[in-house]
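The next part holds the structures, each set out as structure tokens.
After this come two complexes, each holding chain A, first together with chain B and then together with chain C.
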Partner chain A sequence: MHIMEGFLDTPWWQLWFAVSIPAILYGIYKMNKLVKEKREILPLLAVAGAFIFVLSSLKLPSINGSCSHPTGTGIAAIIFGPAISAVLGTIVLLYQALFLAHGGLTTLGANVFSMGIIGPLVAYLIYKAGMKANLNFYAVVFLATAFGDWATYLITSAELALAYPAGDVLTLGGFLSSFEKFALIFAVTQAPLAIIEGAVSALLFKYVVNVKSDILVEMKVIEASVVRKLRGIPA
Partner chain B sequence: MTNILDDYALMSPLRHRNNWLKLAIVLFGLLAGISSTSPVTPLFIAFCMGFTTVALGRAPLKLYLKLLLAPLGFAVTGVLIIALFSGSGQELLSFKLMGYSVLLRKDGLELALLVLSRSLSGMCCLYFLVLTTPMIELFAVLKATRLPESFIELSMLIYRYIFVFLGMAISIRYAQTVRLGYSSFSRSLRSLGMLGSTLFIRSWEQGDKLFLAMNSRCYDGKMTLFEVHRPVRVPELLLTSAYFLLTLALLYLTKNASIV
Partner chain C sequence: MSRKLEIIVLAIILIFAAQFIHMSSTTDAEYGGADGEAEGVINEITGGTYKPIAEPIWEPPSGEIESLLFGLQAAIGAGILGYFFGYYRAKKTYENELGYKGKSKSEGDRPSLEGDRHSL
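Entry: the complex of A and B
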């Protein structure tokens, strides 16, 4: 869910930039280190970024008639980890603002924080925890993507509520009451959207495992033994 | 999704103007819009930018209006929430909705109108940039700033591959649609999953090929760009400064104005 251009008032959009920029710089630092180690990773990152952009511009089938797009960052987080996802997410969000008019330039910081940093981070943590607990890979992908989306949407509601608390002055009560309203109304579109995106992501990984699982093994997303189990091949 | 705005920028006559000037106009508009306290200045900015984009930039008017309406869903929802739940002043209207009592207050309405006008001006500024300046020109500008080299390099590669994969996605989607892949909800989920995975695998292979191709051409992490030197002309400078001054004056004059 993108916050539109001009929606955040003066102290807030700068604040979200200030919060996001260190995370992006850390991501760039990690990326540079990775590229130095393995030079072939940069073109891969580039195509992954383009893949996220194209994925996020596809319309999801919707239940309630609202026009909804996947964020695609959950998949990036599972494959590349949250730090690099933040960099890819920033570039993708910039292009979305410029090409599709989703989001904006002053609100880029806030959008990067919710969609590029917190969403992927939550997705990544759930993915890691789920894989450690030996759950089914597809179920874990579903949960990671869905919860990543929900985290994004809650953070976006919080960002809006902080900028527009009930009763004009920022108090905890005003923030909570405003947050509740933003979250409640956006839940109509965002709650089913996250489930649909989770299902599509799980299906996506299912086809990838069936057709070209060596990519995932090579990127250390899943281990070879898990792939064998998923495809029903005895070790 | 077939509507990539960059195509229009490539045809715009304003493409051949100085990039820094255009960027300055856009940034000024964004900042002035966001820091104004009455809806008058943002509306003025929106009008000026819209006029410039359509009349001087030759963007199709129909397309422009359609673009402005596109993000309306989010804007209207957000603005309604602000209008109905914020503020503490005089009540204008109150009614009950699903058990919630809803109050429309004077300052809430004012804030909502301000936010709406600011978004509108922000959108117009963005569209001015997008519809007159192709991304290729912006890369040259980005190179001149001190952003990390790898970040810019990555942006350029992503930009290139967006078009490759978008074409791929569109043709796969057509193929799926004519085979009734989107005829029901569960089928669309399945088709979308397949489309995503095919895209993913193809992009991976493309990435390998790209590395090979660039490596064999001695890629060392830097692509050099040719930046066309375009001096700012006097009429452009005059028009821009007139616009800046007028906006600033309006910003100052409407500091305490209220329209409700």
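Entry: the complex of A and C
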């Protein structure tokens, strides 16, 4: 989903920075506050960040003969919310921009917006809605993280289509025509990878629930009654 | 502990792996990066006139170095994951053992979330 260095012209790269920077700053503020109040969440924060590191480094082959990588941001979004996920996503994107020439510094704002903000936001909203509807916990985690991953790539397609509308002038038709072309690459390549990401995320959550469910309950990520049910203990 | 979820996840991965093996041996799919393909579309839309406004300040000098750095990224992440899951797991076991010592049996059987941990 990385838009490569230099591939967003003025005013687009500035625009995405203008949108992303407030979200990152708010995320840093929230993260500091959370760590100050509950120091015991630090390891969980590290786990969520590390998961993004691992998943976004794996370029996987997809069914259409292209490669792309999962984002891994869904776990952070579910546990800590989209703002803190934006901070974690930025760290990973910065590493890749500086050391791998993957993405770039001028396009960092746009990449943070898609992978750090909208993807996690979608995952977070689906998770909340799914838990409210009393669906199976792991199924909800799967749906939330898979659609969060997929949304990231749809936003990337939209960002590129805005900067490169067909016919060179930004009209709705030009935008849609370009969006279709970019989405055909990104959204199709990403669909199977999103399914894998959702499955692996659900599995990781199983282990978090096993070893550290008390923190999840305390942070209101999950209710104590759900934890009991997952462990097969009659309430 | 039930292993149902593990089996489902493994099955999903195996399905995609089998698809990959089948397709890579029967077609000449390139498995290039989607990011690079997007660059192709940009060239197509702009008629090849677009010049990037900036160049990466540093690029891995070869594919080998690039895979080294990608591998490093995964290794750092995996190391942290393993460390903390090990830490939590050991902590839980250790706390439960200590918890059993000073406690009478009825306390240990409390049907609360705390008590439930003993039975795992």
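Keep this in mind: the second predicted complex is superposed on the first by the 195 of 235 C-alpha atoms of A that agree within 3 Å, B and C clash if a C-alpha of one lies under 4 Å from a C-alpha of the other, contacts with A are read in each partner's own complex, and residues count from 1 in each chain.
Here is the rule we use: a contact is a pair of C-beta atoms (placed from the backbone, for glycine too) under 8 Å apart; a residue touches a chain by one contact, two chains touch by 3 or more.
Computed from a predicted structure; not experimentally measured.
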First, second, both or neither for A:2, with chain B first and chain C second: both
Which superposed partner A:133 touches (first chain B, second chain C, both, neither): neither
Touched partner set for A:172, first chain B, second chain C, both or neither: neither
Partner chain(s) touched by A:233 [first = chain B, second = chain C, both, neither]: second
Partner chain(s) touched by A:224 [first = chain B, second = chain C, both, neither]: second
Touched partner set for A:192, first chain B, second chain C, both or neither: second
Partner chain(s) touched by A:31 [first = chain B, second = chain C, both, neither]: first
Chain A positions touched by chain B in one structure and by chain C in the second: 1-10, 13, 43-44, 46-47, 49-51, 53-55, 57-59, 61, 63, 66-67, 92, 95, 97-102, 104-106, 160, 164-166, 168, 178, 181-182, 185-186, 196, 199-200, 202-203, 206-207, 211-212
Complex interface listing, chain A residues touching chain B: 1-10, 13, 28, 31-32, 35, 39-40, 42-51, 53-55, 57-61, 63, 66-67, 87-88, 91-92, 94-95, 97-102, 104-106, 160, 164-168, 177-178, 181-182, 185-186, 196, 199-208, 211-212, 215
Residue ranges of chain A in contact with chain C within the complex: 1-10, 13, 43-44, 46-47, 49-59, 61-68, 92, 95-102, 104-106, 138, 160, 164-166, 168, 178, 181-182, 185-186, 189-190, 192, 195-196, 199-200, 202-203, 206-207, 210-214, 217, 224, 227-228, 231-233
Chain B residues within the chain A interface of the complex: 1, 3-6, 30-31, 33-35, 42, 67, 70-71, 73-75, 77-78, 81-82, 85-88, 107, 111, 115, 118-123, 125-127, 129-130, 135, 148, 150-151, 153-155, 157-162, 164-166, 169, 173, 182, 185, 188-190, 192-201, 203-204, 206-208, 210-211, 214-215, 221
Interface residues, chain C side, partner chain A - complex: 1-2, 5-6, 8-9, 12-13, 16, 19-20, 23-24, 27, 29-35, 37-39, 41-42, 44-46, 50, 52-60, 66, 69-71, 73-74, 76-81, 84-85, 87-89, 92, 113, 116, 119-120
